[in-house]
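Letters are used for the chains, namely A, B, C and D, taken in the order the chains are written, and counting of residues starts over at 1 for each.
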Amino acid sequence: MVWVPRVDEIPLSIAFLDNNIIYFLFKVKGLGTETLSKMCKGEIVGLKGPLGRGFIVEDYTKSVLVIAGGIGIAPIPFFIYRSKYKKLDVVWGVKRREELFDLNIFNQDIGDRYRLFMATEDCSYGFCGTALERLKNIPLEDYDIILAVGPQPMLKGVCEYIRNTNLEAYVALETMVKCGIGLCGSCFIRSSNKLLCIDGPVFRCDEVIQHLGKTNNSKNI
Amino acid sequence: MVWVPRVDEIPLSIAFLDNNIIYFLFKVKGLGTETLSKMCKGEIVGLKGPLGRGFIVEDYTKSVLVIAGGIGIAPIPFFIYRSKYKKLDVVWGVKRREELFDLNIFNQDIGDRYRLFMATEDCSYGFCGTALERLKNIPLEDYDIILAVGPQPMLKGVCEYIRNTNLEAYVALETMVKCGIGLCGSCFIRSSNKLLCIDGPVFRCDEVIQHLGKTNNSKNI
Amino acid sequence: MLETVVATISLRHPVMNASGILGTHREHISRLVSYGLAAVVTKTITPEPREGYNPPIIVELPTGGLINAVGLENPGKNVIKELVEEAKKYSIPIIVSIGGRNEDEFIEVAVEADMNKADAVELNLSCPHTKGYGVEIGVDPKNVYSVVKAVVSTIKIPVVAKLGLSDRVVESAEKALEAGAKGLTLINTIKAIYIDVYSLKPVLTNIYGGLSGTPIHPIAVRIVYDVYKETKADIIGCGGVVNWQTAAEMILAGAKAIQVGTALMRDPKRIVEDIVKGLSEWLETIGIKEISQAVGLAHKV
Amino acid sequence: MLETVVATISLRHPVMNASGILGTHREHISRLVSYGLAAVVTKTITPEPREGYNPPIIVELPTGGLINAVGLENPGKNVIKELVEEAKKYSIPIIVSIGGRNEDEFIEVAVEADMNKADAVELNLSCPHTKGYGVEIGVDPKNVYSVVKAVVSTIKIPVVAKLGLSDRVVESAEKALEAGAKGLTLINTIKAIYIDVYSLKPVLTNIYGGLSGTPIHPIAVRIVYDVYKETKADIIGCGGVVNWQTAAEMILAGAKAIQVGTALMRDPKRIVEDIVKGLSEWLETIGIKEISQAVGLAHKV
């Protein structure tokens, strides 16, 4: 988690790690991310982590499909960099073209290690439609593993869509992370005894399918 | 230090160490040592340590003379066992023959590693007289290092006796050890800024010669 | 050999969680049960839902232990029904921790716990960092008396009073018992501050927080010892229990059961198992058959 | 940049020893000086010599820190002359810590310190484990007032009041200042017990002892913070300072100087050097020229 002194402590994924520099990719949502976005070089933030269980693929025989919605793309550069696989394709959907950026900014080498399919909801770039719609045009039998990162309705859609396939299906959830160390309980996964901050954020679809059907407890207290 | 629960905590030297058994040799003086002497197998004592700086010789070219008074002999078996030297002789003086015992009880192997000269004050065994008197019959030029362990007057006598020789001369002091970790100050060495529990118990004669001339602060408060 | 009875609640072993570790949602209860605890304690519940503070709310300290100011975040008394139901599903005793700003609020939540057949309530009279809810009540033995008395007179299930470190904690304990508490939980966290030396600012959003974990253990043992000496009450020892040794100290000081909070942060199942297993082996080593016989033994010196 | 003035005493850097670490004999003073401290504080001195308790008097805890019950062992007020003389030899300020059972005893020792031109006296109003000498005085603001007042009215050198953790510590601090104390040392050890789980007995001969070292640091910082907030007094922060970070926290909370006790157990010269060096590097990092400008900065949130 990233502590913005006297403002907030925010769970952020590591977007990339290199030469003792940790990179974050984040979207301005409220006061915390806004303040963070205005900080300058030399200003101080606090770091707690890494928390939870990292998720990477480590099998050269597997083909991986990543589907990211919006800022859900944040952890993907690091995920690609650290994973081993046969093939990796990324479907990245955003609302407008302006939200897109070059995923290789942290490390040019990862450029050759994946293929990218873009989708915009306003049809300004790439496929015209949501990431989920783009997914439906992809032959799932080409893949062994699917990882979805993004808004909860998208995750739910992905889990339902692949339900009757043989894919190993994972989703990176978001719940309200307040302590990050398994004590406060605010990050719990509904209808399960899992905690996102310790057991997650990545879960198998079947572990969280009930949770996905319910109100996101990012908003519960 | 050895904690005798609810009775006392007593500084004792390690007489020998073998197979996870720590051996102590001690003389009954007051309540603490008396209670300890009556404890049976299976009863529990506490241990704090090892404290201070161990003292061993580690030079195959050196000849060592040890002079021990009474229970001052306690640390000598372990000292012999762990040291490396060319030759090692022990002068051991006691009041009465009954105080003597076999130094090889812990480890027969050390038997060949030293020569023993005994002295009794009541003339019941060995040399007739004190350890210090026995020392005066020994050619000091045969030795490089001398270590004295025993009552303070004996230590003082040794330091004075060897003053004008080239011997490296060490004495193992006793002062009141109450905490063993350098905080309470009760073990201080008079006219120096040394603490026995941290810097000792073995000192060079020249470090403590003023201390030896004063009242033993085993008895000061 | 580890069976124990505290505040009339029978436990298969003496280890429960401390209040505030999970315990606000159905899902938390089943997770706590999976840790192997003999009973579960809910987070402190207030009549109405409370939002709590913004993060940072819990921080690990470089000097050991944790500091927290969660701000008594909880969904309000209506959640009690589902929490108790869930515990009953696993046939595990559940103690509802209660917070309030005055007698009426305590009663309001206690009645809810009583109606839903919780096994006991624990009155949190000692939260050190939430204004109006905590130490203000616990440090004054008179207040302790009146809150406990009010609750005891209203409900049927046993009442446990949770007290914190204060000058007159023994007196507060005596008053709680006099008012009808069946047991005491000792102690809560201790008020503390952690300052970040780079940003030059207190780290917790609330500035003040409660210190927990190993740092407070010798203080908690002292309070258990003092209160047991004067009252021989049923005590649940809490504060810095992280292994069987720290648990055993509590028992020797006078605790019949213990709660574990901070230590559940890492590998909670193993921690609980180690404490439970360690305690039985310890009893064998010291030649004692039943843990009840070890309670308060350190007083025989 | 590390020069500081506390209770009118000028120090070349903010680090002194805490009372009770050595400080009863001439030899101790020169040893403390060799640690690189900016001032030395004597062990608490009582009018007459006191024998103190039998060992064990100081024990390291498996949960961190130390517990001690030395029992205010000291050679009595006559030793003050030689302690002050020795400190003067090294041109280092010396603060005489004073213990007593009543105002007259405090005055008796204070007069001796004054006559011998010590740089200040520190009234130990907070020893948690020696009956009649400690917390009994410090927890009651009225007592604090009368002892400080009595001493301040009798001697010319500055008076520092050393207070411990208590419910009304801020009030006690205010009373001490009102009575004329030039500074406050915060805090003393916290009353605690350590029980050996094999022999089933308390380890300290006195059963009760004072907890010191890292465990009490966040509590000490809190008290410094609270007292500074209300009084802006000259505070000497004490409790769990073991490195520059823990020292810096004290300063940010409001301390103008700090004392180190427990941490002098291991490699004292290096510890003092690390704190002093670390503090100057820290000031550079945060862009502050004089340590006095860092005092209390954590209050600006």
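To be clear about the criterion, contacts are C-beta pairs under 8 Å (C-beta built on N, C-alpha and C of every residue); 3 or more make two chains touch, one makes a residue touch a chain.
Given the structure is predicted, the values throughout are model-derived calculations rather than measurements.
Taken together, chain A and chain C share no touching chain. Farthest from chain C, judged by the mean position of CA atoms in each chain, is B.
Averaged Cα coordinates give chain B a centre that lies 37 Å from the centre of chain D. Centre-to-centre, using mean CA coordinates, chain C is 33 Å away from chain D. Centre-to-centre spacing of chain A and chain D amounts to 52 Å, using the average Cα coordinate of each chain. Annotation for chain A: residues touching 2 or more other chains are 6. Among all residues of chain D, those that touch two or more other chains are 198, 201, 301. Judged by the touch criterion defined above, the protein chains link up one after another in an open path, with no loop closing it. Chains touching one another form the pairs A-C, B-D, C-D.
Chain C contributes residues 20-25, 27-28, 30-31, 34, 43, 49-52, 54-60, 66, 68, 70, 73, 75, 196, 198-199, 201, 203, 205, 261-262, 264-265, 268 to its touches with chain A in the complex.
By the touch criterion given at the top, residues 1, 3, 5-6, 8-10, 44, 46, 48, 177-186, 188-195, 221 of chain A touch chain C in their complex. In the complex of the two chains, the chain D residues touching chain C come out as 61-65, 67, 139, 165-168, 190-195, 197-198, 200-202, 207-208, 211, 214-219, 221-222, 225, 240, 242, 245-246, 248-249, 252-253, 282, 285-286, 294, 297-298, 300-301.
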